[in-house]
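In what follows, subunit A forms one complex with subunit B and a second complex with subunit C.
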Partner chain A sequence: MRKAIDDGFREFTQAYGESLEAFFDPLLTFLVWSEKVLLNSPWPLVIIAIAGLAYLGSRSWKLVVGVIVAFCVIGYLGMWEDTMSTLSIITVCTIVAIAIGIPLGILMARSDKVQAVVTPILDIMQTMPSFVYLIPVVMLLGIGKVPGLIAVIIYALPPIVRLTNLGIRHVDPDVVEAANAYGCTSWQKLKNVQIPLALPSIFAGVNQTIMMALSMVVIASMIGVKGLGQPVLKAITNQYFSMGLLNGLAIVAIAIIFDRVSQQYGLRIQKHREGGHGV
Partner chain B sequence: MESKGQPDIAPELWANAFFDRIDAAVEKGDIVRGPRLITDAAEGWFISKAVADAHPEIKTVQDVLNNPQLFPSKEDPNVGQFMTCPAGWACQIASNNLAKPSAFDFAKHNFTVVDPGSAAGLDGAIAKSYDREEAWFGYYWQPTVPITKYELKKLDFGVEFDKEHWDGCLVNETCAEPKKSDYTPSDVMTVVVSKFANSHPEEMKYLNTRSYDSNMAGQVIVYMDDNQANGEDGAYFFLQNFEDVWTKWVPADVAEKIKAAL
Partner chain C sequence: MSDKDVKIRIEGLSKIFGANPKSVIPQVQQGISKEDLLKKHKHVLGLDNINMDLHDHSIEVIMGLSGSGKSTLIRHINRLIDPTIGNIIIDGENVCDMNDKQLRDFRQAKTAMVFQKFALLPHRTVIDNVRFGLEMQGKDGAFIKEKAHYWLERVGLKGFEKHYPAQLSGGMQQRVGLARALACDADILMMDEAFSALDPLIRSDMQDILLELQVELKKTIVFITHDLDEALKIGDRIAILNNGRLVQQGPAQDILMNPADDYVERFVADVNRTRVLLAKSIMSAQVPSEINHTDTVVVGQDDTVQEVLHQMLTEDALQVVVADEDGQHVGSIDTDTLAEAVSHQVEEEKTTT
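Let's look at the complex of A and B:
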């Protein structure tokens, strides 16, 4: 039985591996491009850009100063290139996870059937030990960025789906009823009532997705993803305590920046919405 | 073994990492070392079967380096790809040093070094290249399941092994100017505690004649891998299929007894 599955999988890779690889090619191009942009731009420019984005997102000078200091320290300690690789793959992962996760969460919230199907799949994605699906992915797509990206997304996607679903389902039924009474179309109701009211929960999901994506950086580097994970692996196998700690802290720094910016942004658009509705 | 005299026998010791300790213990008379157990155990750089079949003229590392277009990197098809030893392994230091400009100069030949991240990543990449008949060029060691199962071809480094330079520089991360050298030969040996060796001359005769090559060892471990077999099954497979190997290790009467028992 085990052998049959293994052989079946082998045949599948032989038959479809190439077309699957071609399917993911645009993603790879995008990943390579984003990494090149980050790596080839002069470092002050990258820091200014990131600080600018942080300001746009959060409108907080404290955070901007924090970003600049964190990246200067990272550069000073010689982790710039790895940090940029990690930053690029995490950014793409987060975007993809949000692009898939929020619509899926909305779909789940609107249909109990979808929820019944998707929930167990999410459970599998979160609990299955990563290496179980990493190796088949490597056999299919080789090592490198795309398999790493897929592994990270598999792990990081569930929280945003779950929390979007939860947020929308927990919108006060009275409010939804009121929206219905005003004759809102389904789309208007979703866009103007349910999503705005579910935003705190959705942003908690975004936050969890980013955190989980970053925690997968080390695992992803085990299938050849460049970035901060590789020095961590090196440190683990050779007991280089300081090297592991520094690179680990760089991952933490990226995580905190991503999180604070996205949370502040979330708070800001909620204030705006609330004000607009006169609540 | 050297301090406690236990266990009596280390049947297959990959000695490269602890030559100092072994030499010291042999000198002190604590242990006795046997001959090379696996005659051609080696680390090195290999290429996949598909590319070896299509381009039989590629025999040395230099041949590979002259043809980066045959080993295109997924991320940049204009660059050739060398898959090094996984992050944190000792072999990564030597392999990466050999890739530097003062040695094989990968940069000039338009080759990039890719870190597979883990043994599983490395094995997976090799398995993929075999299943899909793609080119692969990278680090591995023999005897192992992938070498035999995926029929990897070992490349000749085209230069002699320079022991002094290897031990003094290539194995250090700080090696300032790595030079070309063949990979260090892997010494796989049997090591026996002296007390046991002195009191068991018959057994020592067997241990001192026992040796085999990577190809044979590879066939046994591939059999075990394919059938998810345990050590005992592997031993039976070996005894049944490689009679001409093991009958030379034991006296004729013992060989007869073993054959009768199979």
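Let's look at the complex of A and C:
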């Protein structure tokens, strides 16, 4: 039985592996491109750009100073290249997860049937040990950037889907009723009412998705994804404690920066809603 | 002011909530009570065979205790709720026959709604909230801008354009809600307990604003409230619902003078009649042939009993003659009738305190 499945899957791989790879080509191009941009630009420019984004997101000078210091230290300790690889894979994964996750979350919110189908799949994605689904991905696509990317996306996708769905379902029913009473089409309702009001929740989802992607970096490095995960992996196999520690700390630093910036941004977009409305 | 053209006709409207509403229609048509329907058939009777006309250019109040079906009824007018059986005919068109597109167009063009909890868009500024209905109607930018500013000014919120709803008090938020509704320029204005969340003084202000605007706009306003004083103040007519059934509909005077049943009687018991009942409602049509000017006072037919009493006492009169707007004598009120109108009040105050 097990053998039958394995054989079947192997055949499937042989038949479709290549076209699948072609299918994911744009993803690879995107990743390679973003990596190149980050690595080929002079480092002060990259730091200024990241600090600028952090400021735009959070409007906090403290955070900006933190970003500059963190990246200078990373560069000084020789982890610049790996950090840039990690940043680019996180960026690509997050963008892809948002592009898939938000529409899927919206579909789930609009239909109980879709919700009933998707929820268990998300549960499986979140509870299944990541190594298990690394196997078919690797079998299909081999070792390399793309399978790593896909593994990270699969792992990071559930929170954004869940929280988009939840956010839209929890929009004040009175406001939705008002939208109906004024003759909105369902697209107008989505655009003018449901998405804006669900935004804090959607944002929490984006934040969690980024965190999940970061935590997957080490595991993804096992199947050939470059970045901060690889030195950590090397450190584990060769027992280089300080190397592992430093790279680990770099991951933590990036995580904290992403987390704070996206949280501050999330708070800022809902600041005028403070105190709620009405009763 | 109100000519008697029917704007909204509700015909045989029933609404049953539950798993399979159609299956219990026969029982409902045989007059099963709300309790029995719930107990024996696990369905909730929301509305039971409502037949009523709502007149053009007037404020039609719908009253009833909590759970009597007021919100359910008003939401049938723009079909936010679909009826189980029955028809809603507005300007000769059956709302129940409309498809989605027609229904949206109908809602945009003919109805506007004000909500108890305001239901403003918290992420939009005040002016952008007022613009909302117009945007949905697909009007062009300059038109929307002009209308939105005009109506915001009319409700007294000029200068608050850039505020967010959460920065305003409840009363101000509901003015925004009112401006949003009025900006749509729809014939029918639906207000579901629109002022119930406001404190008494603000509420009274809002009632005044509404009445003032209505003199000029002459819309069909369907106004829900469970506050009889509010109903008497603003309603041209009042409809009273009990457990999903319409028990009485008519001008306030009729309801006060001739309550249809115990439920209505209890409803109107607390009201201060002397401030609501009008001379014309309690007068007899006999005009005395001789008028002794020293002990007779002439009052207007639309004066309240309280005003009549006041004039009697200040002028030391013993007899009251009622005149219409042109000064024609149309009736008289004897002191016994007056005493009864007042004593009704006194008795009730005794029993309630």
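Going forward, the second predicted complex is superposed on the first by the 270 of 279 C-alpha atoms of A that agree within 3 Å, B and C clash if a C-alpha of one lies under 4 Å from a C-alpha of the other, contacts with A are read in each partner's own complex, and residues count from 1 in each chain.
We adopt the following convention: a contact is a pair of C-beta atoms (placed from the backbone, for glycine too) under 8 Å apart; a residue touches a chain by one contact, two chains touch by 3 or more.
Predicted model, so just to flag it, every value in this text is computed and none were measured.
Peer 1: Give one of first, second, both or neither to describe whether A:Ile143 is in contact with subunit B, with subunit C, with both, or with none.
Peer 2: After superposing on A, A:Ile143 lies in contact with subunit B but is clear of subunit C.
Peer 1: Would you sort A:Met211 into first (subunit B), second (subunit C), both or neither based on which partner it touches?
Peer 2: Neither partner.
Peer 1: Please indicate which partner A:Leu20 is in contact with in the superposed arrangement: first for subunit B, second for subunit C, both, or neither.
Peer 2: neither
Peer 1: Just checking: does A:Gly183 make contact with subunit B only, subunit C only, both, or neither of them? Give me first, second, both or neither.
Peer 2: second
Peer 1: Examine A:Leu197 and indicate which partner it touches, taking first as subunit B and second as subunit C; both and neither are also allowed.
Peer 2: second
Peer 1: When the two structures are overlaid on chain A, which partner does A:Asp174 contact: first (subunit B), second (subunit C), both, or neither?
Peer 2: A:Asp174: touches subunit C, not subunit B.
Peer 1: Which of the two, subunit B or subunit C, is in touch with more residues of subunit A?
Peer 2: Partner with more touched residues of subunit A: B.
Peer 1: Please report the subunit A residues shared by its interface with subunit B and its interface with subunit C.
Peer 2: Looking at subunit A, the two contact sets are disjoint.
Peer 1: Quick check on the complex: what are the subunit A residues that touch subunit C?
Peer 2: Answer in residue numbers: 172, 174-175, 177-178, 180-185, 188, 192-193, 196-197, 199, 270, 272-279.
Peer 1: Report the residues of subunit B in contact with subunit A in the complex, numbered from low to high.
Peer 2: Its residues touching subunit A are 74-76, 83, 86-89, 114-118, 120-121, 124-125, 127-128, 131-132, 228.
Peer 1: Sort out for me which residues of subunit C touch subunit A in the complex.
Peer 2: Where subunit C meets subunit A, its residues are 78, 80, 103-108, 111-113, 115, 117-123, 132-133, 135-137, 164-167, 170, 173, 184, 190, 197.
Peer 1: What residues of subunit A sit close enough to touch subunit B in their complex?
Peer 2: Those in contact with subunit B are residues 2, 10, 13-14, 17-18, 28, 32, 131, 134-135, 138-140, 142-145, 221-226, 229-231, 233-238.
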